[in-house]
Amino acid sequence: MKVGVLGARGKVGAEVCRAVEEAAGTELVARVDAGDDIGVLVESGAEVVVDFTHPDVVMDNLRFCVEHGIHAVVGTTGFDEERLATLRGWLADAPGVGVLVAPNFSIGAILMMRFAAAAASFYESVEIVELHHPDKADAPSGTARRTAELVAAARREAGLGPVPDATSTSLDGARGADVDGIRVHGLRIRGLVAHQEVVLGGVGETLTIRHDSLDRSSFSPGVLAGVRAVAAHPGLTVGLEHYLDLD
Amino acid sequence: MKVGVLGARGKVGAEVCRAVEEAAGTELVARVDAGDDIGVLVESGAEVVVDFTHPDVVMDNLRFCVEHGIHAVVGTTGFDEERLATLRGWLADAPGVGVLVAPNFSIGAILMMRFAAAAASFYESVEIVELHHPDKADAPSGTARRTAELVAAARREAGLGPVPDATSTSLDGARGADVDGIRVHGLRIRGLVAHQEVVLGGVGETLTIRHDSLDRSSFSPGVLAGVRAVAAHPGLTVGLEHYLDLD
Amino acid sequence: MKVGVLGARGKVGAEVCRAVEEAAGTELVARVDAGDDIGVLVESGAEVVVDFTHPDVVMDNLRFCVEHGIHAVVGTTGFDEERLATLRGWLADAPGVGVLVAPNFSIGAILMMRFAAAAASFYESVEIVELHHPDKADAPSGTARRTAELVAAARREAGLGPVPDATSTSLDGARGADVDGIRVHGLRIRGLVAHQEVVLGGVGETLTIRHDSLDRSSFSPGVLAGVRAVAAHPGLTVGLEHYLDLD
Amino acid sequence: MKVGVLGARGKVGAEVCRAVEEAAGTELVARVDAGDDIGVLVESGAEVVVDFTHPDVVMDNLRFCVEHGIHAVVGTTGFDEERLATLRGWLADAPGVGVLVAPNFSIGAILMMRFAAAAASFYESVEIVELHHPDKADAPSGTARRTAELVAAARREAGLGPVPDATSTSLDGARGADVDGIRVHGLRIRGLVAHQEVVLGGVGETLTIRHDSLDRSSFSPGVLAGVRAVAAHPGLTVGLEHYLDLD
């Protein structure tokens, strides 16, 4: 499969280029970055494009790809409902072309969220601990919030009430943040990268699901999974989890 | 739901009685043990029976239940293919009666195995660590072996080759036991009960699924789940996992 | 060594009796509880007494022991400076008699605190996570608070500044409670007993010290350690850590 | 403090240069590698040299340093008793000059070993789990072996017998490797770097000490600690742990 990379000289793009070159079954045919002629995608015969560029240019990139029948795997941020609707419009006129827009290419993070939601209805208690390097600006992390929302939804659907908690005396913040009724705790520790643990518990037992991201290259397997599957998923897909066969 | 317990004076049976009495929606109507008249199950109106007795008597117990239209949830061991076939024969003549035979009532252990198998195809590496009290006679544990077999099957189905391992100099046993190509390590530590960790890893990230059984009472939620669901599953079911809606 | 137990019919006292009977080198010679004649301690030849009774009676118990030359290991709560001063006065008149008053008999908790404090000056970051059953009334736990204070003191002594934390947007409570500048997070999970993790981190590495109390009997080894060492430590000692040879 | 680096263009040496430049209180005054004139160390006024070179050249480097009154912090391997004796001889003629030869500059690994040995005498059970990337050639790791030896020595000194283990049926390797009576387990997982866990257990409780090295830069703080302390430790020191004030 011939692959072009948009944003090829960026930190993430360069890593994607390396991964595409090393992986079996994929060939890197075009590296494009700001100032380069996007036409090279067509000339090089790219079948799939990976886009890690910028919200300002990603829509133009995608219009070009869709018009030229090139599938796209997109990690660039900034997609709101309006942009997704525009994309769907373009794709309606290009049957057979697939576009994947994914906020998170970490397969491990996706599996962790999926498993936490699947297990949630079987346990009385559940809390989330996320651990990151101390230069992170927000707490809790987006992944932790999203996990809490998924877990809370699964509990509601199963008819579970609130998690038990007899705390009557407490220091401010000791019991973490409340996200949709689920307690979330954020640690900031030098030396760590990005880590999360979901702890579920019932009478006499606990189940813990932990994801450790030790290197920024951990998005590569997810991008490659997207590259390999996008042609088989025409139209717009939001979220890599829809490509992963988990059942 | 009216519940009778066979083996009610045994350690596990007594705990089941306690759980049935405390749970919402179940009522304990009969406690039966060796020497007691099993007829009390009918007189008390038991709809479901829980059997934690002995391989020598469990088949007689089950024939009685099936003949009297009482569903059964069975934790007694010693079921081979012949016994299961006999059971199926009895149930063929009693449409509507359900029997669950389960080697493991720990919901957490079942979820751990299920999640490990579901994640296996996405990771290059996987190993299993089980930790138990030092009075355990076998290593690795049955659950660890079963997990390794499920993980190995999932890898084969996904076309994955052997896990990477460049070990060329090694002390005997340092790399654990080989179960179907998957490395399994058993720790024996005073103070522990029954614990297992499945570690999966790919470029830059790992996913860890851990189950901790801290108390023998951890089988109760699984038994109750069986009691509640058995009437809706006529015929023979082997393994509690078939009652758990995980998808 | 002949041991008497005061509060022998209480939950903890009964467990202490069992431990004394089973341990090598100790003999249980007297079980005393409310209503019993404390004189039996003398008649039975008890050399050491273990007291898990009540703040209302413990001082009378100890006066009796000190006057009769019996060493005491005390887990009963309620000791303030005034009581300790009274005890010291009695012991001044009974050279050779040792009394240990300990708020915590868990050797693991003591080691965890000691190691966390010893490591603190070598790491830029440190946070504490404590996990307990959901029936606990206070958060964070007393042990977590004490650990934070010890770690904070060690950092101050080493001239370390505040831990790094770039958090600028945060949900209330996401970063835990602040105890003396150290972040402490409390989880409440059904199935757990009493657990704590201290996470220290510097460039490229982390050190984690975790203590798991899986059973209330975990105080027994500490009580036995106290029983064995008290005769060699005449006078008043507050805190089991002073008996543990850690250097 | 003026610092020169020998082996400055190697992977580790380059990282040391970066760390010395960034750290407060140290100044990088010379980078020397194969082919360069070592005399630049004297001309630049280097007070301390860091040597990450090769066993073939390190002795010549050190003779030069000692003769010119420059302290040395050495991470180069290949030091046997003969070499250490030679070094001691040179240092006898150069009072005031300090040389630190350290096989391991990870402060976390040193603390883990120290704490494991300090805790060993208080626990009935102890085992070691080390986890590394799958390209590692030896199992178990040198650090795990060393930890096992230290723990075994501490147990012997405390008069503890063998760890309890009732295993009677076992798959080959399931219980790990035996290092001095201590069980050691090695996992090889893609995505991991270098990690180790020491699990100690007694009745009702466990203590776990875990070290995670997530990045090769984790030796930098240890090298800097050595650079800062070497002048205050004249003569030969083997092992960074002797510079760390742990008591």
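Letters are used for the chains, namely A, B, C and D, taken in the order the chains are written, and counting of residues starts over at 1 for each.
Following the convention adopted for this analysis, contacts are C-beta pairs under 8 Å (C-beta built on N, C-alpha and C of every residue); 3 or more make two chains touch, one makes a residue touch a chain.
Quantities reported herein were computed from a predicted structural model and do not represent experimental measurements.
Think of it this way: of B-C, B-D or A-B, only one pair shares over half of the C-D contact pairs by residue number, and it is A-B. Comparing chain pairs A-C and A-D by the number of C-beta pairs in contact, the larger count belongs to A-C.
Averaged C-alpha coordinates give centres for chain A and chain D that are 39 Å from one another. Chain A and chain C, compared by their mean Cα positions, are separated by 46 Å. Along chain C, residues 191-192, 202-206, 212, 214-215, 218 each make contact with two or more other chains. Residues of chain A that touch chain C in their complex: 123-127, 129, 131, 134-140, 163-179, 183-192, 199-206. Listed in rising order, the residues of chain C touching chain D in the complex are 106-108, 111-112, 115, 118-119, 122, 202-221, 225, 244, 246-247. Chain C meets chain B in the complex at residues 191-193, 212, 214-215, 218.
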